[in-house]
Amino acid sequence: MPGDYNGNGIWCIAEIRHGALVPTIYELLTAGRGLATALGQPLCAVVIGGPGKASQAATAVAPRGADKVYVVEHAALDAFLDEAYGAALKGLIEKERPAKVLFSASAAGRSLAARVSVLCGGGLASDVTEVSVNGDKHLQALRPVYAGNLISQVSVRRGPEMATVRPMAYSRSEAAGKTGEVVPHAVDPSAWNLRSKVLGFTPEESKEIDLSSAERIVSGGRGLGNPKGFELIRELAHSLGAAVGASRAAVDSGWIPYRHQVGLTGRTVRPRLYVACGISGQIQHLAGMSSSDFIVAINSDPEAPLMKIANLAVEGDLYQIIPAVIAEIQKQRGEAGTPAAAAH
Amino acid sequence: MHIVVCVKQTPAGSVPVDAATGRPKLDAIQWGINPFDEYAVEEALRIKERVAGSHVSVVSVGPARAEEAIRAALSLGCDDGFLVSDAAFDGSDPNATGYLLSLAVKKTAEVKGPVHLVLCGKQTSDVGAGQVGLALGAWLDWPAAAFVRKIPTIDETKAVVDRMMEDGVDAIELQLPAVVSVVKEINEPRLPSLKGKMAAKKAPVAKWGIAELSADASGVGANSPTTELKTSAPPPRGAGIKVPGATPQEKAAFLVQKFKELKVI
Amino acid sequence: MDYGLTEQQQEIVNIARQIAQKKMRPVREHYDKTEEFPWPIIEEFKRADLLGAYLPEAYGGLDGGVFELVLVGEELSRVCAGIGLSVATSALCAIPILYYGTPEQRKRWLPDLASGKKLGAFTITEPGAGSDATSTKATAKLDGDHYVLNGVKNFCSTGKAAELYVVFASTNPGRGARGISAFVVEKGTPGFSFGKKEEKMGIRASWTYELVFENCRIPKDNLLYKEGYGLFVAQSTFDSSRPGIGAQAIGIAQGALDETMSYVRQRKQFGVPVASFQAIQHMLADAATSIEAGRSLLYATTRAMDKDNKPAIDKAIAENKIVYDVMKELDTRRWTKESGMCKVFCSDAAMKVTVDCVQMCGGIGYMRDFPVEKYMRDAKITQIYEGTNQIQRNEIGMMLIKEAASHAKELAAA
């Protein structure tokens, strides 16, 4: 029943993705600090992973604002597996009884949160953009629904109260001047009844920047006219240090693989800069990117929906605009960077 | 093998918003099968075509009208449909919905034989939590994998699935029964056939309520672990600046100047 | 407008529309450009049961009639008449088998045409015999249990892609028009080959081939009805198939108008959408009015036609008889005049509407990047094939005179 669960502490679950700590933990710590302050409770991080990896990640996390860092380390946790991670975290939650648990809304974070919330009997708000506590100290969250047409305010009434937080929704916590206490938590996988295992991992061949946590994204749409247009998009993305995105229309036309798709049926992104090239801006696309900090639209149609919501709308033929932009960036960098320019 | 595919009925187009209340206006809209669930249905049918003697049951939690979503799945080639519907279930959150579906999966096994695989779409197009399939796996205490973009091998005892992560693809072996949530990349859903469509109109769809499922009402409907307090329109995004300039070069210069101000370059 | 469709007819429209929008629209430009045959889309038609919508249930169809054929043709052509054409040519092959085939012949060929396992085609035109089919040069000579076919047929729609062909050849050249007979020839029969592939103005997603018969031996059982009935078989087949061309035309016109509507509403000149100009509004109004008139004529005619023909078809199937024989028994009327009217009116409307749509879209309307010019190219064939509109008018005129004469006779007798 609501109210039966009495927990203490705000937990942020770190993710070690194929060996590397994902920096979204620092965003969670920022979000979690707000809750911890409001409730007067400690802020803790939890790092789960394979031998050596979790403890190493914990040393990176400890100085970034957590009062305590739990380390759950075992060979059975080397790769993310719903069952194993779920059982491990359930054990820790039942032992320590946190009040609130925050996860990153990544593939692993969402999988783990859903499983653990059921295993521990808690409520879960998924893919939220903001967390807070309400008058009766329950976790409250905002999450976009109906393709971003509406914002839903959700109250989590059963503890442990959980949420998965959208990457980029919070800024990253900085080093806090003090280092959280690292607390190891031992697990015994023989009690877990695992019926699944990770056979292997194939990294994306390209060294492209991951879309969902990218700070800058350059996206192309149907307006490119043909698959070759993405060469231009990649070139612009390269010069901006940005990830490459695409609209559904471009993906459905077979111009670029699905993993680049931004929007309701693709990935939700929230970069600092989103450059949309030849994307008209159907509601499904806007749902995936409209919360970007700064939006630039390049389109020949000034009436395109994206041109209406963009901070900067560039009307014109993208095949003329983009090369000019690339040239201008090179010019700016060149002038600043060459000794000849510096000598003047 | 017996595959259960979970579908939800969602608005077929964009949903108008009542400006005064901030609530979605759902009275006069068209409904359809959740587009993400179409991939789950298609994958179930492809497995049925691959593994001889397979049977596909469709389950949906929703009001009476959700029967149409079940019929849509039947018209594509699914064999049986079951609707989980009861006034006490209205307003169930994703975890509660997962609980109801877990009861329905068990009930389906009683009626149609042991279930080997449950397929779900990645998320719904309305609430979009992407949580139900995963919660269902936990309620059933079955292994689960979400964001699956391929099922390279499957038989009645185990499946190998490719799970799409942010940085690549995990290959995961699941002992069956298991719950798998699929992404759009997994297939291209078929369209219904006319004969399937006409047959689906007449097909019986059993309705299961709180009594049939022996459901515990303390955690579903209005008693769900989370509750929606209100909805409101997102803060408006003000119209920006039209980049000035007579030539592409002038426009580019303005844009790059702005990039510098934003410290992008 | 509510056209009073049954539940099944509404589903036929829905599914044809979904295939057209989801599967055909993204690729129509490709097929128009390359003139490749749209096999992946044919698979969609097959899976959806669209190719048998107009055929009796006994052969795996949906038990519809010409009206269902019209509904399918209209929806597909609204997106791409070239891709949709294979449904019409299969019908052109199935209809003579349905009406003139023996119960065995029906059972042999119709299920495959209904399921789409095989596409069908129909070939009567020759280099020297277009509107004048009486000058058919191809011959079929009886030799024991076989007919031996010789000659060349051209402009065969869905040629080479189809598996079954209804072919017209003279079994008795001395008798002219009365010497022509109809046969079913299967692809792969020795002596049957494909000649030139035509490059066309429109409907480029459909193949058009020359068929060559050189001592092609086909079983005697492949003769449809009786020797000498070929021209009659052809003409009465057209009675049922011409509304299909009308449907194609209305679909093309509607598709062009759909594209034009969305363009003129968003295209701004002099600071306002061009749709706000009365000159454009009048053209839109005329286009929509002629489409609606054509559709009404089509729907009314084909419904009446089905109401008339269906009992004969059902009776023939129940009693194991040839449909045409039962029609004679029941004194079922012919629909030459009305089906010709459908084709003439709808195809002329489509030509006018598509030319006007290009005009309304201005410069962009003339460009290959924009779909409206394709509709205009596709529309033209509907005024030509299955009997030019001039020939149609001859027939309609002749029928009118005949009807007036027999009416006068009745009055005199009374």
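Lettered A, B and C in written order, each chain numbered from 1.
The definition used in the following text is that a contact is a pair of C-beta atoms (placed from the backbone, for glycine too) under 8 Å apart; a residue touches a chain by one contact, two chains touch by 3 or more.
Since this is a predicted model, take the numbers as computed values, not measurements.
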Exercise for review: Compute per-chain Cα centres, compare each with the mean of all protein Cα atoms, and return the closest chain.
Suggested key: B
Review point. Between A-C and A-B, which chain pair is linked by more C-beta pairs in contact?
Key: A-B
Point to revise | From chain B, the most remote chain by mean C-alpha position | key: C
**Study point:** Centroid distance [mean C-alpha coordinates] between chain C and chain B, Å
**Key:** 42
Exercise for review: Would you mind pulling out the distance in Å between where the CA atoms of chain A average out and where those of chain C do?
Suggested key: 56
Point to revise | Interchain centroid distance [CA atoms averaged], chain A/chain B, Å | key: 21
Check your understanding: Within the complex, which stretch of chain C touches chain B?
Key -> 7-8, 11-12, 15, 18-19, 22-23, 44, 47-50, 53, 62
Check your understanding: Within the complex, which stretch of chain B touches chain A?
Key -> 11, 14-15, 17, 22, 24, 35-36, 93-95, 98-99, 125-131, 134-135, 137-139, 142-147, 160, 163-175, 178, 183-185, 218, 224-234, 237, 239-243, 248-249, 251-253, 255-256, 258-260, 262, 264-265
Review point. Which residues of chain A touch chain B in the complex?
Key: 1, 17-18, 79-83, 86, 106-108, 110-111, 113-119, 121-127, 140, 143-158, 194-204, 210-213, 216, 240, 258-259, 264-266, 272-273, 283, 290, 294-296, 302, 308-317, 320-321, 323-325, 327-329, 332-333
Study note, to complete from the structure: Residue positions on chain C within touch of chain A in the complex are 26, 266, 268
Practice item. Using the touch rule from the top, collect the residues of chain A that touch chain C in their complex. Key: 252-253, 303
